[in-house]
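What follows is subunit A paired twice: with subunit B in the first complex and subunit C in the second.
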Partner chain A sequence: MTNAKWVAGAFVAATAWGSVAAAQETLTMWYHGAGNEGEAKVLNQIITDFNGSQADWKVELQSFPQAAYNDSVVAGALAGNLPDILDVDGPVMPNWAWAGYMQPLTIDESKIANFLPGPKGMWDGKLYSIGLWDAAVSLVTRQSILDELKLRTPTLAEPWTLEEFNGAMEAAKASGKFEYALDLGTAWTGEWYPYAFSPLLQSFGGDLVDRSTYKTAEGALNGEAAMAFGNWWQSLFTNGYAQATQDGADRDSGFGAGKYAFSWNGNWAALGALKAFDDTVFLPAPNFGAGAKIGAASWQFGVSAKSAHPDGASKFIEFALQDKYLADFANTTGLIPATATAAAMTENYKEGGPLAVYYSMTEANALVRPVTPGYVVQAKVFEKALADIANGADVAATLDAATDEINADIEKNGGYGH
Partner chain B sequence: MASKFTVSHRAGWLMAGPAFGLMVMFILVPFFFAFALSFTNQRLISPNPTEFVGLSNYRQLLGVGMLTLEPVKDDAGIVQLKDGAPEYPALRSFTRKNPDYPHLDGMRELFSFNLSGDKITYVLARDVVFIKAVLNTFLFVLIVAPLQGGLALGLTLLINQKLRGINVFRTIYFMPVVVSIVVVSILWRIIYDGNNGLLNNILTGLSFGAFQPVNWLGETSTAMGAIIAMSVWQAVGFHMVIWLSGLQTISPTLYEAASIEGASKWQVFRYITWPGLKNTAVLVLIVITMQAFGLFDQINVMTKGGPLDSTQTIVFQAIERGYGKQDISGGSAISVLLFLLVLSVSLIQRYLTRSVEAK
Partner chain C sequence: MTTNDNHGLRLIVRYLVLILIALMFCFPLVFMIISSFKPDQQLLLDSGNIRAFLPVGDLSFDNYSEAFARAPIALFIFNSVFVTAITVTLSLLLCSTAGFAFTFMEWRGRKLALSIILATLIVPFQAIAIPLLLLASKLPWIGMDGLTWGWLNSYHVQIIPFIADGLTIYLFAQYFKDLPGELIEAARVEGASWWQIYRKVVMPLSGPVLATAAILKFLAMYNQYLWPLMVVQEEGYRPVMVGLQYFFQLNIAWGEVMAYLSLITVPVLAFYLYLQKAFIASIASTGVKG
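This part shows the complex of A and B:
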């Protein structure tokens, strides 16, 4: 290419860009997935398609690493400096909506009618955020392990009971073939604890907070059901079924290396488990008395309260909700597409696909984490309580203290607007 | 007409100005903010208005109580035994909604002891985690200050020799100081790993397999010790350099005189080196103490206060509450308490070291 041609090309490109920018209003967007190439590619595709599909709006993306994302939003909000569109972790959304960082979406109800319940971020009776995907947790093991330990294969209709679950752990331990029977993922400190383990508490009949009022945790987190859960949780460690402190590397590759018989893990790790063993199976959550439960709600899109163009922001989010993008995300990240029609378009979640079982689990067992602005604090309190109990703390005293701390926080916040 | 005095002062203020302004903006103003916020219910993010709550944040943090319990007796007054030990009524029946013990409501056991007969005495705290954080921080300071100062002095004496290649050793000892503490913490987390960390592997190798691997950061008995050892290793080089600068202010003529007099090595240290280092020692001690009270990064990267609160510290709690749990007022109250603690400890140290100088 000659110099003259190159200069001409650059000139054309520059003027073309200038004229487009002049005609379109810019919408800024923050996303938590910096460093994740696959996600970035799909999101950039959506943005390019949206920017090209109409002449009014132009979305500009800024990505943050996930670990720093929530802090960045809070800092940005305190400085009055939020983007138009932001993504938000489902359980955190009520906190930001209550604090006045977000505004309700203006999206046609019919567009999300067939969505799974988890990805719909409802607060105060209004839709504040909507997710393109959901996540689910299952008990990962191998068919050969089930056969060898002579265990019944649980189904969604007939999940393992508490006795069956404990029996499975004991059998795996007694076989002597595994370092530990169960890989709970205690290495993943942070949101994993409330996301993965609070459904177990809920399956016992307890909860982080009394959901009928959201004003107290008394009875929910320290009642009889919660005490039963706490004692069972501690027994997992005192019986030597699981590790209270786990090495991060063991969490990532321990099951594949045969160190564990069972792994309590999310669907994002499912493809890796399938690669490790041909006969990997994903078992549904056990039912400890009050029904089998797994967590729901993952990252979702919303519009910031201070956005000057909420209509454009909502348009972009609505545009992103097309089945083909849901399918693209699911194919890249392994997450569960939010609609059945999108699931049918994916390799993994279509009927008979290797991960289709996760879609049914989410449909059957999903329970969102408590929908309250106080969840952010409750999650931290719950995580510490579980870690302490796992390390041998007194169950009743620990759950009492956690209850008191949650109640004090609710009181300090004037009931969080409930 | 400005006198020469005020003119020179003006120049002084001008030169100090930038540093002074920054310190006011980033240290003084935030401190007064924290002081004021600690008397309110300020949240990190909240639509609710801020309210003045008086001393309630401090009461919550510092509330302690005592309770003595007698074992459960049957009607005849005979102590009931359970698994061979006397059985006591459940503590939570006194600390939760018991109208007879309103002052103990919401408290938890800090520790218990058995003084006379079969009575058991509980020391209770309203905020057990914070009290543990204070105790841990003091433990850290009490061990680290003398250990780090002493080790640094030892290293200084070793490297203050005229040997070939001594700069190599100086560099090696100083190297950890240059590396960010966060990076050092991540590396040591790998070294301390319970399965196949470097430390476990070395100890197993040296003992020909007799040593059982220890999860250094995962056990309540070893976690704090592991963090102390790593912290001392990281910071000792810095204080070594300060000692070294102190050593080099001592006049060589004193040493020459000592060698002519035939003084032993110990006498040289005891009567020339140590007295000459007195001011440096005060500096080193105060700096280490203040840094040790601020223990945070290692905890945040390596243990997050666990296991079972064995590595909770004051600053970690301040940040965990203020930012993690969005309770700015609680975090501020902790910061104010930390300030008062460090201030009083520094004043005591200043008083003690001044009396030593006067001798």
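This part shows the complex of A and C:
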């Protein structure tokens, strides 16, 4: 081939490539995972695959650090500067949908029929967001501790009762081998409190808000069940089982260092616990009377209300829901894949895998946090109430005050559209 | 006991107290730098005892290399230094001229204008952040792309709102009030213009207030978090404090956090060292020392 032909060929190829590139409409996307190399790698792979799989759309990613993400989205919404695709923490989604930041997804719902319930972001009867994974909390301990304290190993079918749980705490304390019986993770402020501890309230029969109407917390947060929960919660600290205020270093490494007999922790910390002790076991949540409960719903993808290309945005989200990507995320982050078929493709969650128990826990016990725009306020009120009770505040007065605060917020916001 | 003994004892006690206070201020910095060379597990184990301040155990640069892999640190430092340097420079120029006008020039409404500017000191930034965001998102700008609307995702949105502020103007106005009035009068009699007086008489005598204003402005700008969080969505314009959040994942890598903090502290220390010299030189060169 002559030089002229090479040049002509290159020109034609470049022109063709250019016209394909020009034909692709750009979809902007915001994601909360800046600084997380693993997540970035998987997400970038999905975007590259999507951009190369069709000629209509081209996704451009902008990552934010997680701690700054929600504030950035709210500021972006105020300034009218939201992207086409954004990700949203599951329990926050109803607030963003209600506030007009998001629009319903238009994806083929048959594609999410086999998804765990937690990753499906429903609000007002419509699907607004969908997650590729879920997260779960378990009671982490060692088989040798259970044996030494002569404790029954609880199962999903037969979790510990309140008496058994309290007995385990007392036995751990009486053994004198641990600084504290239980690591609750009180060092982790913020969403950890409602995510990890409101299921314990729900297991007593209480809740952050009355889910039948979502218009009041009366009776749910200050009724008989909630009072029983509050008194029990306070007893964890007055009995010396757990710390009301905890050093962050103890939360990160205390269980591995043998300071605690039990740790109430998420599946993202499970691989570390397995590394610390080869007899680490993950016990299901106890049943305090109204069934064993754990939190559900993690980060999910959605489409911003301002997007001029909701069809393209939804196409990208639908593309990302393939099992191979769910498995990639789970392998990278340790989070629970949203489908059983994807779980089977992972090392940790396949049958017999070291974290497979978390998938079963999520299936059996997961309960999403209250699906209401008011949740963002309810979560903060609940966190403060729990911290106050842990530090000795009067249980009834604290729960009544929290109830009043939540009710006032619901009223101020016209019932949040319920 | 003789007077000399008493004097010696007092001196020893004084130095001991000063050393103790100096150590209290140094400990966090020492902890940060030493910890940046330790693996996470050792860092957490050492944090409860004196080893936290000692370069002992398994020391390496791993945290630094991992921190650089996690976030574009050089970019964040450049952004912060660039935004801070431009803002401090423009602020010193604008606020000193404003302070000059308020102090030396007679004009109608001067006192009222100064009172309004001082009143802005009691309004926290958080209170005006949202209106400012709405404004910034709509303002026009002429740049490389011609006329565009909205200042978001840019350097100028991080600079312009902070060039003038009540505190810096007040600092200059207060300082200028204490300068010998005879100097200004003499210059006026000699036929100097206001600009000449500002540039050739007042500013050469203003080293201390320039240094003070520069330090305060530098710290405020270098530590900016809320505003860039609201107006910058593109990574390319993010400053160091927003960048710090890259290191707070579910399982926090504390060694990397310490490495990042050590790195972003370097410009602050360099600025202080530079300004310390300028500060002393400015006092020595002015005619105001006693």
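Heads up, the rule we're going with is that the second predicted complex is superposed on the first by the 397 of 418 C-alpha atoms of A that agree within 3 Å, B and C clash if a C-alpha of one lies under 4 Å from a C-alpha of the other, contacts with A are read in each partner's own complex, and residues count from 1 in each chain.
Just so we're on the same page, a contact is a pair of C-beta atoms (placed from the backbone, for glycine too) under 8 Å apart; a residue touches a chain by one contact, two chains touch by 3 or more.
Just so you know, these numbers come straight off a predicted model, no measurement behind them.
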- [ ] Considering only the touch criterion stated at the top, classify A:Lys275 as touching first (subunit B), second (subunit C), both, or neither.
- [x] neither
- [ ] For A:Asp252, decide between first (touching subunit B), second (touching subunit C), both and neither.
- [x] second
Open item on the list: According to the stated criteria, A:Arg211 is in contact with first (subunit B), second (subunit C), both, or neither; which is it?
Closed with: neither
TODO: Check the residue A:Thr189 against both partner chains and state whether it touches subunit B (first), subunit C (second), both, or neither.
DONE: first
Open item on the list: I'd like to know which partner A:Lys324 touches here: subunit B for first, subunit C for second, both or neither.
Closed with: neither
Open item on the list: Quick one: is A:Glu37 in contact with subunit B, with subunit C, with both, or with neither? Answer first, second, both or neither.
Closed with: second
TODO: Check the residue A:Leu78 against both partner chains and state whether it touches subunit B (first), subunit C (second), both, or neither.
DONE: both
TODO: May I ask you to decide whether A:Ser63 touches subunit B, subunit C, both, or neither, giving the answer as first, second, both or neither?
DONE: second
Task: Intersection of the subunit A residues that touch subunit B with those that touch subunit C - done: 71, 78
Task: Of all residues in subunit A, those that touch subunit C in their complex - done: 30, 34-37, 62-68, 71-72, 75-76, 78-81, 248-249, 252-253, 257, 266, 268-269, 272
Task: subunit A-touching residues of subunit B, taken from the complex the two chains share - done: 41, 43-48, 60, 90-92, 95-96, 106, 108-109, 128, 193-195, 215, 217-218, 220, 304, 306-309, 320, 323-327
Open item on the list: Which stretch or stretches of subunit A touch subunit B in the complex?
Closed with: 71, 74, 77-78, 95-96, 98-101, 189, 244-245, 247, 250, 376-377, 380-381, 387-388, 391-393, 396-397, 400-401, 404, 408-409, 412-414, 417
TODO: Report the residues of subunit C in contact with subunit A in the complex, numbered from low to high.
DONE: 40-41, 44-45, 47-48, 69-71, 130, 133-134, 136-137, 150, 152, 229-231, 233-235, 242-243, 245-252, 254
